[in-house]
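We call the chains A, B, C, D and E, going by the order they appear; numbering starts again at 1 in every chain.
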Amino acid sequence: ADAVTLQLKWVTQAQFAGYYVALEKGFFSEEDLDVTILPGGPDIAPGQVIAGGGADVVVDWMPSALAAREKGLPLVNIAQPFKQSGMMLTCLAETGITTPEDLRGKTLGVWFFGNEYPFLSWMSTLGIPTDGSPEGVTVLKQGFNVDPLLQKQAACISTMTYNEYWQVIDAGITPEQLVTFKYEDQGVATLEDGLYVLEENLSDPAFEDKMVRFVRAAMKGWKWAEANPEEAAMIVLDYDETGAQTEKHQVRMMTEVAKLTAGSNGALDPADYARTVSTLLAGGSDPVISAEPVGAWTHAITDKALD
Amino acid sequence: MMRSVLPVLTVVGVIVALWYGAAVWMNAPWARDQAARAGVELSLSELVADTMVQERPVLPAPHQVAEGLWTGVTGQKVTSKRSLVRHGWVTLSATLAGFAIGAGLGIALAVSIVQSRAMDLSLMPWAIASQTVPILAIAPMVIVVLASLGIKGLIPKAIISAYLSFFPVLVGMVKGLRAPDAMQLDLLKTYNASGIQGLWKLRLPASMPYLFASLKVAIAASLVGAIVAELPAGATSGLGARLLSGSYYGQTIQIWAALMAAAILAAGLVAIVGLLEKVVLRKMGMAR
Amino acid sequence: MSWASGSWAAGALLFWLAAWAFNSLASARWSHLAAVRLLIPALFGVTLLVLWEGMVRGFAVSPVILPAPSVIGARFAESLPILWGDFTQTIVKGALSGYLMGCGAAVLVAIAIDRSPFLQRGLLPVGNFIAALPIVGIAPILVMWFGFDWQSKAAVVVVMVFFPVLVNMVAGLKATDPLQRDLMATYSASYGQALVKMRLPAAMPFLFNGLKIATTLALIGAIVAEFFGSPTRGMGFRISTAVGQLDLALVWAEIAVAALAGSGFYGLVALVERGVTFWHPSQRR
Amino acid sequence: MSLHEAPAIEAKEVSLTFETADGPVHALSDVNLTVARGDFVSFIGPSGCGKTTFLRCVAALEHPTEGLLRVNGLSADEARRRRAFGYVFQAAGLYPWRTIAGNIRLPLEIMGFPREEQDRRVEEVLELVDLKGFGRKYPWQLSGGMQQRASIARALSFDADILLMDEPFGALDEIVRDRLNEELLKLWARTGKTIGFVTHSIPEAVYLSTKIVVMSPRPGRITDVIESSLPRERPLEIRDTPEFIEISHRVREGLRAGHSYE
Amino acid sequence: MSLHEAPAIEAKEVSLTFETADGPVHALSDVNLTVARGDFVSFIGPSGCGKTTFLRCVAALEHPTEGLLRVNGLSADEARRRRAFGYVFQAAGLYPWRTIAGNIRLPLEIMGFPREEQDRRVEEVLELVDLKGFGRKYPWQLSGGMQQRASIARALSFDADILLMDEPFGALDEIVRDRLNEELLKLWARTGKTIGFVTHSIPEAVYLSTKIVVMSPRPGRITDVIESSLPRERPLEIRDTPEFIEISHRVREGLRAGHSYE
């Protein structure tokens, strides 16, 4: 069997259910692949891992992948299992925020580590400075959890529809007490969890063939997971070495993730790509990328995998 | 040993009492907020009761942590992924390996610094500089680089743990190896003892009190290093992974239980070093 | 490996050997000269950098893994305002204030422990306990308690430096010899007098041990704590953000600032140590 | 008050045993001794016979395992708390972080003397032990004998009721020693202190003391207590009188006896 | 080879100045001295006159700031490297983590004696200094004089060519001292070692030495060098001969002179 190492963007959770399902259900071995899945973490940059030869393929968000490409790391998107963005800004209703304009003068929690690009693009589209001035917003580097909102250290925090949002709800705050702004709804959505490889590897037919089989099996896993959210969540739970995940949370996460993957057969939609790039280029004085990227994606793999 | 039971219990008692007080004080705002959102008024006793049982407390009450710790340790088989014993063991093995490497390296460097002027002048400033590099920042790179060299598993973690623990040993040992007074050194000079003999027969024995003070710090540092290294190593198992995964999902009690487990582990390790110190110093006739 | 890259690596190695030979010679012959005492570590450092540059170029290491020193230097020069802002936020506000509070608290607790055997038996094991609270565990909690700004970083530093200073200070307070103690006994000196006139001076060599270790811990603590929540400035913030952006040159520029600041801080403490413990055999000569 | 009539040192059946890893060491055994106020008592005996140990018991630095020991009518501990002792240790024991003057000033600071008084006394005793001009040096910059003298100065700087001196002049040459012997006698005459003095020199013991205690080792016992018949006023020439020579002879005999059974 | 005719110690215009924070201290000034092989030379002089400093120069523990010093025809450093010295320091300086036997064994270990030979020698010298049975004690379990004797034993345990002893018997009583004096003379006669010996006791210096060096302080100078006319064979009774008393007198005068100018 051919060995493939996959580096995830974050820890083992239902966000990556498709890959774990493919592994557990034998979809990978059916394709004669021996896949190792490496969980990510708060300080693991997938781009760095692949550059260091620690992985063959990584899961990353498109903004940071494109930024890395500009930095000289030629990442190429070979598949896009997530059709929609799950990112949103969640605010406490009691702060009086109802529209994005109300954000001025407030303190917002934002994820950094390459995840700040969508937020910065959105703010610059709105013309809101992020320097902490009275007419702008004060930005906090948000940790990994929702405490800043619960402790009222921030008026709004970044959340994913499938994860942090529900942690806020679990903490005892009702949906009515919250106001949310989905990036998708604000027209600034950028593509999330795609599969990326190094450009130079693609010229190797053997590698390309491996990736074709990998993507085929992974998409099979994703579709199975969409159809069987509960079982998929249990599989993820089995693979979680930390033992920290709860069944309730993972099942719910799987259900939400299924909504985001639903529209995708694995092939990147060039329109989504174009929207992501234009959002990123619109970053005002300090755009995430300075020029239209070239060759940042390919259908070569998905074309062969999905025919 | 027995004589310390009462004092430890007293101190722990005072801390637990303060802790309960702090838990009430810190968790009360949330309880009040929730009551206000629900539109009810809380009596004092209801308020206090609520602060003791919150699911995401700012500060969990001691009994909540104890319960988390207890179920973590005894609630399942030690092979289970939820078992703190298992995670503790993963961390412990990396800690011990790292400590062995770190202490060995620290002593070796200290010896070379004390024996060679060139080493002293060139190495020390850079050993210091090395410690100011934030380990959490470069740990992932170290892991990536080592992994690409085919080194995985325990070793990368041990290396990072050693990186944190060699420094206290180095600093303490340099001091300790230089502690012999002029007359003690002169005596060896009259014998024309070699550098190695001076080291063996004078400098090392004289450095023992310094060494053990440093080893206590170093073994605690090793543990911290092992935990830090567990995050970028794929955050799979170990107390560090447990801590962080607890923190992703806001499971305060799980964080605290893992924290306590780490602290208990460290206290145990430090106590073992302390015991070793007693034995060695007594054997050397230095404990009076 | 091409010829050009091979010669880079070989050249660097050669430089290393030459520098080492010079250092051995110089330290044996002219180490009494202050200039040479500065030159030797500097040369050692330059050697490391040359070796690094040579290896990175020789083996064509990807800049997102490890940038060459020349690239880092250029980035350093162009980012001075950012670096300065981060320095004041993290080191001046976070690390320094935490260092002072943490070391002060440790010294006081050490004295309390020394004073009372009861506390010694009770507090020391509990102190060991605090020592091991891993920074990655307490940082999120302290950020939750003390907010996102430097106060929570100072709190992390306090926890980090406390134990090393405590352990060393406790050992130091015990470091008097029996004759020195007997002398105080014949004067029937009060505890306070014996403390000020005998135990504290005798403890200084040990205390400075702890203080020196604590300097580097303070920096690490302040920087790492920023990984767990911070305003949008500070060295830890910059490092983690830049890693995410694969801007490794900026990461290493920040690390260079940390190393410079840390060495300076350590050097300062070592200088004070030299003045305070001039009488200790390790400082004489 | 009866305290004033109590003897300065009163030992009844005092024994002290050190427990060591390879068995007990009987350092003192059934020591009986009474020293009146104002006495100058010398202890002489072979090395290891328990002289230091006895002095340490008197100063409450060691506690007898058996027997009764009273100092100025009080327990040794109580006397120590009342700062009854000036102690010159067998080793100089200067604090390395203090200058010579600083070391001498140490007890004065502790006992709360005013600053000018401290300065005056430090100067005075430095001169007494012939160390003028060395006040600002550190201990390791002094010769062995100079350190010893500094530690004597330290004990003389304050007015303790009882002065305990453990071989204070061991590292000094004859001439300085003669001078310091005279000075010590003068001080004793002037202040009426009680002095306990360990020495290995028979002439020194005879010249200085009103009472000479001869000890023998393993276990440390008192073999002879000689009351001196010499007058209190003692010029150096007294050392050539037949009385002096006779007492010396008796001390030497006592010492021999202590050695003989080995 | 001419080495064998070279004197054991040869000092020409040796001076040594310590730089201290408050100015230089002239410890030795223009010292000229020649000690032949097999000589027993005593150094006597007031405290702080530079006796220790001179001995340390000979053993290459200190380096003269001026002048020439040769030991056995070699530089002092070279002689040290050839393990020419046994040195008894003024303070015992035992390593606290070694037992008494362990301390005495230290030089033997360093010089690579076989294990049984070590044991034999340790037993032998322990007996010589009357410390049999104390081999397994730690230094702090011994009295001051016993520690001093242990350090003498340590220096005697190996056969150094030159024995340098800095007030070795200062803390011992007359009787032990007499005995050790005799033993030392026997050793010297048997081995033909060169011995450099610092003492404050005039009789001791006269009894032991073939050459007595009288020094005076500030700056340390040699004021008199007395060649003893006593025979090499010296029973204790020699101390009552007129010759002995005469030499003693000359030494005392020399010492007085050293003190007088103060």
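Following the convention adopted for this analysis, a residue touches a chain if its C-beta (ideal position, glycine included) is under 8 Å from a C-beta of that chain, and two chains touch if they have at least 3 such contacts.
These figures come from a predicted structure and were not determined experimentally.
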| item | value |
| --- | --- |
| Graph separation of chain A and chain D (steps between touching chains) | 2 |
| Shared chain contacts [chain D and chain E, defined touch] | none |
| Contact-richer chain pair [B-C vs A-C] | B-C |
| Inter-chain centre distance, chain A versus chain B - centres from mean C-alpha coordinates, in Å | 35 |
| Distance between the centres, which are taken as Cα means, of chain E and chain A, whole angstrom | 84 |
| Intercentroid distance (Cα basis), chain E paired with chain B, Å | 53 |
| Overlap residues in chain A, where contacts from two or more other chains coincide | 42-43, 45, 48, 52, 143-145, 147, 151 |
| Shared interface positions of chain C, touching two or more other chains | 65, 140, 144, 178, 227, 240, 243, 280, 284 |
| Per-residue overlap in chain E, given as positions that touch at least 2 other chains | 91, 140 |
| Chain-chain contacts as defined at top | A-B, A-C, B-C, B-E, C-D, D-E |
| For the chain D and chain C complex, residues of the former touching the latter | 56, 59-61, 80-83, 85-87, 89, 91, 93, 95-98, 106-107, 109-111, 138, 140 |
| Of chain C, residues touching chain A in the complex | 62-65, 140, 143-144, 147-148, 226-232, 237, 240-241, 243-247 |
| Chain C-touching residues of chain A, taken from the complex the two chains share | 42-43, 45, 47-48, 51-52, 64, 67-68, 71-73, 112-116, 130, 138-145, 147-148, 151, 153 |
| Contact footprint of chain B on chain C as seen in their complex | 23-24, 26-28, 31, 37, 40-41, 43-45, 48, 65-66, 118-123, 125-126, 128-138, 140-141, 144-145, 163-164, 167-168, 171, 175, 178, 205-206, 209-210, 212-213, 216-217, 219-220, 223-224, 227, 235-236, 239-240, 243, 251, 255, 258-263, 266, 280-282, 284 |
| Complex interface listing, chain E residues touching chain D | 18, 20-22, 25, 44-48, 51-53, 90-91, 130, 136-137, 141-146, 148-149, 166-167, 170-177, 200-202, 252, 255-256, 259, 262 |
